[in-house]
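Please see the structure below; I have some questions.
Just so it is clear, A, B, C, D and E label the chains in written order, and each chain counts residues from 1 on its own.
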């Protein structure tokens, strides 16, 4: 069916979700009260803002991922061609991985992979 | 250390302490003045022959005329036990905290504070632990506590 | 809305865990200060199930107050009752018949086994493994059935009375306990396969929630928490009551000081309990199961303190008597209360997952702490 | 080089040990997945007919009546005193003995508050004439709390002769 | 012979014979849309009851057995229950993000269906970069979780979202490297080519130990990517109550729930396609009689059989293992899975280039 199928799928997902939510809206009887709208925190009113500046630990991994994911994208065309190119492809990828691995070791030594 | 030896050591340590004979549990009771408690506690913990390092029970008794703090101490090294009692004024009960000597006292003193109203001087964190916020004033375990809603008299 | 983001410069997050939280097993309320995943401070707030049992007991007679104590640490109900009965007996200077002593010890050990079973399952569930919970209940149900047959109830038995036990053992008791021991021995290796040996579990537990022997004593921790740090604290060995001094069993000590050590203490303690039950089950002496007592019990004026080893540690019962039929003041030194006070020390600097693991190995029963 | 070799050996050993421990656990759960005979759950409301509770099970307090509708309760209130929760309330009356004309204390109503009862068995222990016992019923839920307050002596019942 | 592709071709013929090409295409699209929605709903129902039965049997319980024969309609009853539940939006929440997040989750799950070959010649879009498409689109799923967690204005949700952010992006790498091993062996990114390459044997059996290692890494990584236990830190029940969907209720929660299960299905389908030959029947060398019997089984049965087997394995993990801690989770990825899968890829390349595979 080709690329048109993507539109079909997106529309189907939206129709399905929206339909389900709408049916639920029609079927349910909603009541409003103040306690109900409070965020759940084990039954105790929350203290302080929920949207806080977050610990850097999580982001480090996102940054690392960015580096490696770019590398992964480079690998896709290589992977398709590897079999045809032959041993040269292997040598190339070893060099590529070596450089990458050095970077990885550097990050490791720097303690970027240690959770703080 | 046997009770006899304990008695002599304690006598030397704090002349003001009145040592009772062993009770039904076989433990000596040292009655001390509330103002001497902190220094007495420190020596109980630190004197090498005594080494009472384990405060296994801390509570208070309401005698209607006065309160009595009761400390049950044990030494895990020397395997001896001692009860220390300190008489407190009922209207304004105050005693030094021992939370820095035996850390378990921190929670137990908070419990006594809210259930009996004893003020522990220099306690690091003397707030309500069990009772809901805003309870201040009424002390449930005192004998004259009344709560007509939640207490059912049989 | 987004302006607020910058205002908390440190990025600390204060989270309420409990009273309605899957990991706190009851109504414990922890206020946790977090920085990212790292715990900076944990502060327990108690009292959600406080019934003031100590106050209630002041208006109950010496026969009546024992039943209330089943509701403290409901998983060690027998042992609580036992400690109270012993305290009253101390006051009355009552000799418990040998048969009653053996029955009491048997029941205590079965209770301890059942309690540890539940703890094992619940702790594995805290760590995210659901299956062990049901497997633990398989064995625990058998113990509960045995209890039900002899005591008439599964959880709050009220089987101990001053001077002995309420009924004699059920005729089936011996056989059913033996069957249970058979089953237990057949299944014990599954505990190791499912949880103890699991690499994820070990990594979650080892080096987490460390507490040194000195701190254990200072915080007044008892039971498996103390023994996990190598501090000898088993009341059954140190201050033997009933017939414990005639029995062959080891006090389980581990020197890891971490959560895994506490875990291993309980696992090995189960085996010691089985050992005690095996020694006694064929040697229950004949005779009375209850000493003769007066209809109305009156304790002489004085103070009485008795202690027993519950599944969670040392339970102390302190009765101040004025010579009447009811205690003037009663204090329960519950093991959970002291153990909980060490929680902040255990988890400070750890992750949220460590808090769950450390709390699991403290084996908190909230009614025991709140009383 | 020695160090690296040692590190690599340790690394592989770690992985091997980890996989082995995980496989052991999966073997155990796999065993139960395929062995349905080990299932231990009961189907509660379905097995009501075959459900046997032990005779000592403490479900609720009942008064024993024999076939002549006679019970053994003298109205001594020992159970009322023994109860920690004020579950039992005994209302007595004075029967006049038809033959001798003497007044005799007897039970009028034995009120039992099931909603307050904690099944501690102390009343049964205290009873000098074994008039009450614990029954094995356990399905106590009702829609109205007042239904939990029960009268234990059956209507028209009287005390069995010879019980003092 | 009866097969899904024949039915599709017949419908196509019939439509083109009776209508103009444009209308035929539109009708086909509608049919396809209805079909995927039906597949979605059916998958949700089947996987939920499967999960509950698997967990029950592992936990020596009976599991649901009241609704329908042997409890098989239980998940239908659950759906009805969720339908009549009120969908709440917490007071302080970012309303737009909060309500859009479940849609994003659903769209991502739906889009991933496009290149999957459900049976012989039965595929929505056999694009030439199928594998790349899958890994690209599946990366978006983390956005829905981050949106949901951030918008909820709930601390548990925020922590859960942050955790899953770090987790999903990390495990994406080793999953990608494991997939690349097959791409190297096949030399194509097209799903149909990959399946065709396994005509005489599945890669898992043809590719020696390195492919088996790649397969294990793939299974571990996708378990983590779909936030399933033992990697369910984003919704770590005993730590963060329900993690990123703590505040979701009613149908919005159901959509997240459904998206999670469909994601599990999709990653297992991809695993089955890459390593177990997709719809290819099981053949053994020259056993022609045996191979004939295997060929007789419809290709869609093969595909769903393999996929559900992998789903079972993932469920088996969930009901056996305790959860990892966040730092251990990332350690596992960065210190073990990533280096191993990089090294493994080299080995696979060597095998592929030297033609050592069968």
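Going forward, a residue touches a chain if its C-beta (ideal position, glycine included) is under 8 Å from a C-beta of that chain, and two chains touch if they have at least 3 such contacts.
Owing to the predicted nature of the structure, the values given are computational and were not obtained by experimental measurement.
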Chain occupying the middle, per Cα centroid: C
Furthest chain, CA centroid comparison against chain B: E
Interface with more contacting C-beta pairs, comparing D-E to A-C: A-C
Mean-CA-position distance for chain D and chain B (Å): 41
Euclidean distance of C-alpha centroids - chain A vs chain C, Å: 44
Distance between chain centroids, defined by C-alpha means - chain C, chain D (Å): 23
Averaged-CA centre spacing for the pair chain B and chain A, given as whole angstrom: 57
Contacts with two or more other chains, residues of chain B listed in rising order: 154
Touching two or more other chains - residue numbers and ranges from chain C: 1, 13, 15, 21, 37, 131, 138, 194, 198, 200, 351
Numbers and ranges of chain D residues touching at least 2 other chains: 22, 25, 28-29, 40
Chain C-facing residues of chain B, complex: 23-25, 27, 53-57, 59, 61-62, 70, 72, 76, 79, 83, 102-104, 106-108, 111, 129-132, 140-141, 145, 153-154
Residues of chain A touching chain E in the complex: 1-18, 20-21, 23-25, 27-31, 34, 36-42, 46, 50-51, 54, 57-58, 61-62, 64-65, 68-69, 72, 75-76, 79-84, 86-87, 89-90, 93-94, 97, 100-101, 104, 108, 113-115
Contact set on chain D toward chain E in their complex: 15, 22, 25-26, 28-30, 32-33, 36, 38-41, 43
Chain E - residues contacting chain C, complex: 55, 58-61, 94, 155-156, 158-159, 163, 229-230, 232, 236-241, 319-328
List of chain A residues in touch with chain C within their complex: 41-44, 46-58, 115-116
